[in-house]
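Should a chain be cited, it is by its letter among A, B, C and D, assigned in written order, with residues numbered from 1 in that chain.
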Amino acid sequence: MKRIGVMTSGGDAPGMNAALRAVVRTGISLDMEVYGIEHGFEGLLDGEIKELKWSSVGDILQRGGTILRTARSKRFLEDHCQDRAIKILRTFGIEGLVIIGGDGSFHGGLELSKRGIPVMGVPGTIDNDLGYTDYTIGFDTAVNTVLNLISNIRDTSTSHERATVIEVMGRHCGDIALHAGLTGGADYILIPEIPADIKDVCKEVLRGKQAGKGHSLIVKAEGVDFSTDKLVETLEEVTGMETRAVVLGYIQRGGSPTERDRMLASLTASKAVRMLYDDSDSRAIGISGSEIIAVDLEEALEMKRPFDRDMYDLAVMLS
Amino acid sequence: MKRIGVMTSGGDAPGMNAALRAVVRTGISLDMEVYGIEHGFEGLLDGEIKELKWSSVGDILQRGGTILRTARSKRFLEDHCQDRAIKILRTFGIEGLVIIGGDGSFHGGLELSKRGIPVMGVPGTIDNDLGYTDYTIGFDTAVNTVLNLISNIRDTSTSHERATVIEVMGRHCGDIALHAGLTGGADYILIPEIPADIKDVCKEVLRGKQAGKGHSLIVKAEGVDFSTDKLVETLEEVTGMETRAVVLGYIQRGGSPTERDRMLASLTASKAVRMLYDDSDSRAIGISGSEIIAVDLEEALEMKRPFDRDMYDLAVMLS
Amino acid sequence: MKRIGVMTSGGDAPGMNAALRAVVRTGISLDMEVYGIEHGFEGLLDGEIKELKWSSVGDILQRGGTILRTARSKRFLEDHCQDRAIKILRTFGIEGLVIIGGDGSFHGGLELSKRGIPVMGVPGTIDNDLGYTDYTIGFDTAVNTVLNLISNIRDTSTSHERATVIEVMGRHCGDIALHAGLTGGADYILIPEIPADIKDVCKEVLRGKQAGKGHSLIVKAEGVDFSTDKLVETLEEVTGMETRAVVLGYIQRGGSPTERDRMLASLTASKAVRMLYDDSDSRAIGISGSEIIAVDLEEALEMKRPFDRDMYDLAVMLS
Amino acid sequence: MKRIGVMTSGGDAPGMNAALRAVVRTGISLDMEVYGIEHGFEGLLDGEIKELKWSSVGDILQRGGTILRTARSKRFLEDHCQDRAIKILRTFGIEGLVIIGGDGSFHGGLELSKRGIPVMGVPGTIDNDLGYTDYTIGFDTAVNTVLNLISNIRDTSTSHERATVIEVMGRHCGDIALHAGLTGGADYILIPEIPADIKDVCKEVLRGKQAGKGHSLIVKAEGVDFSTDKLVETLEEVTGMETRAVVLGYIQRGGSPTERDRMLASLTASKAVRMLYDDSDSRAIGISGSEIIAVDLEEALEMKRPFDRDMYDLAVMLS
């Protein structure tokens, strides 16, 4: 393989730039040319493609976001657009593609793969919601960002002896809430994987109050099936405690990546390029334990993420 | 004066603990006893009062929040409660009082002052909304916190080429928005002091888009007279740009205080105690230029905060 | 088992407090009493032992250092002191011991184990130099601290177009240098595991200069067999570039632990207590891949740490 | 004035980029052209000069260091080089110059000023050692960086119950040590302005030890007339406490500037350009209280920095 393409797609994640750097420099080290596709699948369809040199990815390792920009593309879901994308790639002489993104981006990649371009998926998403890999690039940074924010919120929550509900990202996967809740010392963790009742939260807060706890922190994933507003209202009503909410939102997506995310990005992205160099079929690259793995792309997308019930129970026990 | 009291009151602010430390240690150095009153005026009415020793304020200089806790007190607004507060202070032998808080807390202090207990106000509030002092304790930390969060948001806003509205604290005083907006490179700053129309924001965002700006950051104080939701909706409609909002909320209240806030806290709190030691009448302590000042408490509360139009104009020019 | 002891020993590491919290709360949840031993083996010999309650470990999860203090003990190396330690533990009714520390502390624990007290080792050291576990508590925080400092140093190194040598901790194990070097974008990484010549560094810096690199960052573990001063001097002489050194030293030991370190601490410490509860023989607790493991204590101490040559080669390729 | 030049010179400081941005954008807003001179006076002599556009200074407000690079120039001290510099400036049509730097850079500017080019000095140095201005750009960031590092060092110093000497920058001016020492809770502050004896430090550490302090932090400016090594050695000998040193060095020069530094940079740099636009004589721009001031350049360089003895005494009292 002589020329490969790389794009970032879907929601951005800290570490995408580190992955991009590893793609470009590994590619050049293997005597390949690397072309950057801007704005994900949207940019691919618009031909926003240019060569990336060694120095194009200098001084980006530590930056959040993605210098290639990213986008979600509706039109790429259509058959004829996918066909056109293949033609565009061929026109540029791109023989293989590295896609840095999450579930939706990998599905897009699979369509290209079926049309004859080998695709390597590098898991770039803060949500940690991919079944085939233990961790995704951006998750560690996002959780540490949440921990720092919890630390700020704890100061004011303690001073006012309030209950505070902290809503974090996670529609289907509660990993950010679970990890940040356990290691941030939350009194209650609400995640999509464990159905809970608002009454349970109220009971726990009352129990803590009676045990002498001056304040209460509840970490809630956005995907939980009751709203944060409803929770706040009920908590005030039932416990009599002043209750506030903070929705962390897009703050969780940015920031300089942590060492783990930069490392995971470097290892998986470099592996992805080596797989293309070795003429491998399409794969999703990930980490299992301490091993970098390459799973058949289609199979990877079918794998369900196991939920770590022990971790949740530990969080409950230690809180 | 042999024995003084100290309380933190109203919304908490980073640096309150640094102020508390300076009150206690300055007091003891001047051979006075210092009594801490917990939960502000609420705790005063409940007699939550205990002596603070040198070591009681060890290792708190760098902590956000307040170890004395704080509260807002409705009942203290009533005459008979204010009378009772004086009796409680007399019962404990407290001859003077340092109140670390904002406007409302100083008004409460004024009532005590009128009933014969000299009160020194130390300006502890992130809002920077007191007329008699250039800066309040907690403002510098809050603005730097906002800057760090803007930095995170900028990463994702740039990557997705979005407009993002960042809502910061400030009901009547736009200083957090103005300072963070200017030094965070915001494209538009919305504050209560400068009436603005949503249309103006739309025009500016469109102008930026045409000038090639890939994204847009708008910093908006909460006190602006249209809602953040309305702004986001109109922006999407008019500019066609994907627009998101982040409400920073209580994150701005916590965190380890910056050097400036610790310094201002140490200087003003120490001054407050010296004034009590010198049998001064009630004063509001503050900073004017590089001078620590002590203004008659009642007059201080009547002073209006001048708005720095030049700073706003500079922000507009540099953005 | 009814009553267990816990100590922190050797060099402190961020996350030791998180481990301590998990020991105490897991123990109490299992209906055991937990006694804290201050100042490591020194304090054990002095009988500095007291019960820790649920609330004794409140609000410490996020703190660096160790509330039990730590120390290195020379006299504990002597046979009769080890015998006496056993008598003291028996006097306090302590039937099992959790030691949070590194290699030296585990050796001390082994002596107690041989004398009849089961000991669980929890790996608390920033050095990541234990053979039986992939990671130790504190390593992730230390590496991220180094990354943040590299970011500061890069600013000034770039502005002055200097070469800068950054000396990090690591006498026998170069993991801090290797991880921070790779993910901090160092131009050269010097570690004890890979013998290198100063001439090689000079050549690489010259090569970078000719390739247009404006500055150069060299990350060097303290255990490398030539001094940082010698390296700086030679670099200036040979390359003609202004060269500076920064020795990070004790800054690397402190700070609020990252999520990974708090999580590893919580998981391993909780496991250690459960093993004692289940009357297990002495074990070293660690992590292998994503599994928490418990290895025979004596065998664990004999295991050699494998060096990850691939990671080093990746760092060289990407720099 | 139609065309102005701008350079950064001497040691770099956080906020130099913010100043640069304000110079360029204020200049363009006033319909002037702005030329950037790279590498300070060295680059001026080499003709490293190019126009800076509005977008040339985009996304640099938050960055440490200086995108123009900086240097110290020996040859510029020579008369004939200064003459040549004027010819080069005239060749490029540059009619006025903004120099962002410290004392040495302003002296260089004065030479150009005497040869007919008006020069505006913007105070960019972390040392806060200029007599005519209360604060310099970079000082606030440097002090906050030191505070964060002290926080790390405190963790390990407390855990091991050590004395730790923290050496910070400051050859003639002890402001970094004084501010960071007071607000970092140092037990002793050593600065060039207050002669001290090692014996005094030993006495204070012993006094603290007897008062029950578990550890001791000494903040020492580099310009103090005994070495850090000597201090450590004597402390260990006299107090019997394990003592360690950390030399913060170049870490203090980098990092993203704080709000205060970005604001001071924006205000002074913008003022400098307006002064050139108004055909003012050479001036040093600074801040006095809350006023931006413009002092005759030659007079500014003769002003002595007053030492704030009260602040030092407050630090002693509160520690």
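One rule holds in what follows: a contact is a pair of C-beta atoms (placed from the backbone, for glycine too) under 8 Å apart; a residue touches a chain by one contact, two chains touch by 3 or more.
Given the structure is predicted, the values throughout are model-derived calculations rather than measurements.
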item	value
Steps in the shortest chain-to-chain touch route ending at chain D and beginning at chain A	2
Farthest chain (mean CA position) relative to chain A	D
Inter-chain centre distance, chain B versus chain D - centres from mean C-alpha coordinates, in Å	28
Computed distance of Cα centres, chain C from chain B, in Å	40
CA centroid of chain C to CA centroid of chain D, Å	35
Shared interface positions of chain D, touching two or more other chains	151
Touching residues on chain B, where the partner in the complex is chain D	18, 21-22, 25-26, 29, 55, 59, 61-62, 134, 140, 143-144, 147, 151, 179-180, 182-185, 212, 256, 258-260, 262-263, 266-267, 270, 288-291, 311, 314, 317-318
Of chain D, residues touching chain C in the complex	8, 12, 14, 16, 63-66, 69-71, 145, 149, 151-161, 164, 214, 244-255
